[in-house]
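Look at the two complexes coming up: subunit A is in both, with subunit B in one and subunit C in the other.
Let's look at the complex of A and B:
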């Protein structure tokens, strides 16, 4: 065998091995969380999704209904706040790339990405919790929205900018209005836009730190309303894992599994439903 | 031209942001009015339910949650939610008046207590449950129970005692076959009330070895400089490290060591006896510290909290500690009865064995009676 082919083989093998090493942690997480979490859900059955956590002294662990409701509620409300703001800002930046406002928005978004999310929690605590004297689900939604915005903004802007310039020019030469052009650009870039939304939503679903000082966590009620504290899956996992009690550690593993499955489902749905546009 | 477009774009963005915020606000407003007009329809919470929020020490979390659930089963119109943020955060949130009560391993520091006492809301502190720090160890092949005193533990954590068969450890354990292995000393890497109690014990038991400047919630561990120190996050982290590391020793909260089934050393108390960490020995320490509690629940508890560590009495376990709940003196008329009922319940029914979580130790009868004085102090705001 000549050396060129040998080099080629070595290189290919190295790349394959490195790729496996790179993605191994992901599989490790999926397998391990399923291994620890799934038996607990199977053991508890439907109760796991419909009841509240039991006390640590109870023979059975109970369920995590309040955390599932909380995560659904917080993610939905945070998206309602964040998605319009971030998408519109992204459309504006991609339409007016050289505008001064665009520079400001981009810099702000980039620095928001760098800020530790606990700081976002502290900020919302100072703005919404301290003046009213109460922890609320609303404060949690706002904190998660602030965490989401820079992710959605960055991805949607990139997606919009990836639409070929020639298409845009063609659209204008046909006499389309600017609004219509933007609409079609969003359609062409839908995969990127959907990816941005998905990353924003998963980010909001998995955050613990911004909720510590805002949503607070409430585990003795299913849903107390927007002006009362609310629980969330990551918050519950974090706080239950720290205890040495079997019941709560079981619930934490089960919760981690639920969170993992939600991620995977979201990921697959966006992949399947939103088709790529071929140029 | 460009400027016009820019302004128009900015305006559109602003309008839509405004619209989004209004929609979000309207969403919860309508939901609220719905609850007000048709209160019978809300299924998730009983009508007029009072919610008491607490925040603070992680240590008391499982026990407080047990109390909260049992209490709500008896009084369905009161719900208690506790967030384990840590003693320091709990105290801060208490001072910021964003919670109804706080949980804290140590009482409020004197300066904070003075500030809280000077405010119209006032402050009431009470020790509601006992904790203890145990010396968990992992020495493969060792038969019998290890015995230690404050001075040897201090020397281990100072890095001066290097091997398990050091003559100073042998002197306390003449009947044990100690291995010639290096000691790995495990400590907390995070700031913790457990560390505070532990270092306070070392200082009180061996003041010449463990100086006052080493008594804190988080310290620079001298043993780390020798390379034989290990830091773990949380009690659970220390438990895991001790379990995994042969020839190690670590200080952990009694509940965690008990749940993990780790052996723990008998520790020499102030009267010179080696005492096992049992609920009885901890309760004895609390009883012996009771006369040192302040006259009123409104006073500074720091002296009393220090007094229970290395408490007098021959049956006292030396590293026992009180864990506190901190309340205001004044509550809104809706909350005041709920708070009083809760305080009354946790100091009577709540201390009975069926309501105490495994690993926690009830306070003695004398301290329960003492805590009930709070009922006379708490008043509704006018």
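Let's look at the complex of A and C:
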């Protein structure tokens, strides 16, 4: 074997090994989090999903019901705020692609995607928590909504732009009004829109940093209403993991497993939705 | 495609323009708040807020009692992100080449799915894995050996006391930004004209020579991916806070626990309201983070535009 071929062999083997190193962590994470989290859930049984965290001195860790309710509530309310704004903005930029506002909103959305999510948390803190003097679930919803908006915007715009032009022209030639054409475009692009929504929801569900100074976390009630602090799965995992208490670390591992499974489920659903996009 | 604008069209335009502006307003509010709320601390401490290394919360306002110097946190953000982008570049380039040139079609799809799966994973999950597994593993198998044998190199000069160090944060971040870097490199690698690729093959190049040539053609993209990856790594919060050790250190050694800007904010913001100017100092940190982000992302995008075939 001459040196060129030898070099080539070594190169190929090296990059294959490096690629495996690059993707191995994701498998290890799934296995490791299951290995640490699942036994705790099995040990606690149904109580893990129905009760609040116990005191650190209690022999049993208790449950994470408040975090599950919190994550469901925050994700749902954030979607209610974010989806209309992001969808309408996306419709605007796909309908008026040459408008100056379109250029600005695209740049703004791209910047929002890059901004550290903790800065979103600081913004909402300054706008909603500082003036009222209290951490609220509402502030958490708004923070997550701001995180969601650029994702939903990007994917919905992509979906709208992918609607074949011939369809649009046909619609106008039938004498449809602009509003009606937009409505039908959204219907045609619904899978793409759904994908944007799913990706936004997935993001919102997994975010920790924007909730630290907004939703804040409340672990003594299941649900205190929109004007009280509220817990969320990532927030609880993050905070409990940093305590030195056995019970709370156990709850954090169980919570991490629940969050992981929820993520994997949403990921698969999104894949199935996307697979079927055809015109 | 655009029909002549009628009154109806104008109604559509303006009713959509209102929600569209909200997206822009959010961004402007963000800049305004970061700037507005950090001004008080700059008034008291001046620009030395960014260049001094002491972090001393106190009820007596600065400069007599308290002092809030952000340099160690900025340093921590820089070091951990630099470690992250270099490690991640090696992994991402290999992954792109394997996906594009080595793997069979079925494997290619599998690889892409896995990369997507990594991209959306909640960051706190990376964090708990980093805290419980990656940190201790690196300490035992990488950091301690490097320190024992190569401690004359300043980077490795301090003894790792636990798994929570700047180095661990860098390694964890490198894993987390792989999907992001792969997306940038892959998109441009695919854009290399087939004619050029075929010409290279027809010269009888080996795969190594061929890949080297291709990567040379997209060199600005590599720079761009390093910069954009740096922006991504520096803005990460939850995972980094769990593994970086959170202690106020500055130095060349990467095996010591430290703070990053985001982990400093995450850890101290809640108490910050009790001390005068402390919250403002953290907003100044947020502002620094925003500005670093704007700079690296802008330069990164400029480099990305340099690639033209």
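The rule is simple: the second predicted complex is superposed on the first by the 243 of 279 C-alpha atoms of A that agree within 3 Å, B and C clash if a C-alpha of one lies under 4 Å from a C-alpha of the other, contacts with A are read in each partner's own complex, and residues count from 1 in each chain.
Please note the rule applied: a residue touches a chain if its C-beta (ideal position, glycine included) is under 8 Å from a C-beta of that chain, and two chains touch if they have at least 3 such contacts.
Quick caveat: nothing in here was measured; it's all calculated off a predicted structure.
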> For A:84, is the partner it touches subunit B (first), subunit C (second), both, or none of the two (neither)?
Replying inline: both
> Comparing subunit C with subunit B, which touches more residues belonging to subunit A?
Replying inline: C
> If you stack the two complexes on chain A, which partner ends up touching A:188: first (subunit B), second (subunit C), both, or neither?
Replying inline: neither
>> Is A:19 touching anything from subunit B or subunit C once the two structures are fitted on A? First, second, both or neither.
In response: second
>> Quick one: is A:56 in contact with subunit B, with subunit C, with both, or with neither? Answer first, second, both or neither.
In response: first
> Is A:36 touching the first partner subunit B, the second partner subunit C, both, or neither of them?
Replying inline: second
> Once the shared chain is lined up, is A:204 touching subunit B (first), subunit C (second), both, or neither of them?
Replying inline: neither
>> Quick one: is A:229 in contact with subunit B, with subunit C, with both, or with neither? Answer first, second, both or neither.
In response: first
>> With both complexes superposed on chain A, which partner does A:114 reach: first (subunit B), second (subunit C), both or neither?
In response: second
> When the two structures are overlaid on chain A, which partner does A:96 contact: first (subunit B), second (subunit C), both, or neither?
Replying inline: both
>> Per the definitions at the top, what is the overlap between the subunit A residues touching subunit B and those touching subunit C?
In response: 84-85, 88-89, 92, 95-96, 99, 101, 212, 241-242
> Inside the complex, what are the residues of subunit C that reach subunit A?
Replying inline: 1, 3, 8-9, 11-13, 16-17, 19-24, 26-27, 29-30, 33-34, 37, 90-95, 97-99, 102, 111, 113-118, 120-129, 131-134, 175, 178, 206-209, 211, 231-232, 234-238, 241-242, 262, 265-266, 269-270, 282-283, 286, 289-290, 293-294, 297
> For subunit A, which residues are in contact with subunit C within the complex?
Replying inline: 4-5, 7-8, 11-12, 14-16, 18-19, 21-23, 25-26, 28-29, 32-33, 36, 84-86, 88-89, 91-93, 95-96, 99, 101, 104-105, 108-109, 111-112, 114-120, 122-123, 125-127, 146, 149-150, 153, 165, 168-169, 172, 177-179, 182, 199, 202-203, 205-209, 212-213, 234, 237-238, 241-242, 252-253, 256, 259-260, 263-264, 267, 271
> If you look only at subunit A, which of its residues touch subunit B in the complex?
Replying inline: 54-57, 77, 80-81, 84-85, 88-89, 92, 95-96, 99, 101, 129-130, 133-135, 138, 141, 212, 216-229, 239, 241-246, 248
> Which residues of subunit B touch subunit A in the complex?
Replying inline: 5-6, 9-10, 12-13, 16-17, 20-21, 23-24, 27-28, 31-32, 35, 44-45, 51, 53, 55, 58, 61-62, 65-66, 68-70, 72, 79-81, 83-85, 96-98, 234-236, 239, 255-256, 259-260, 357-359
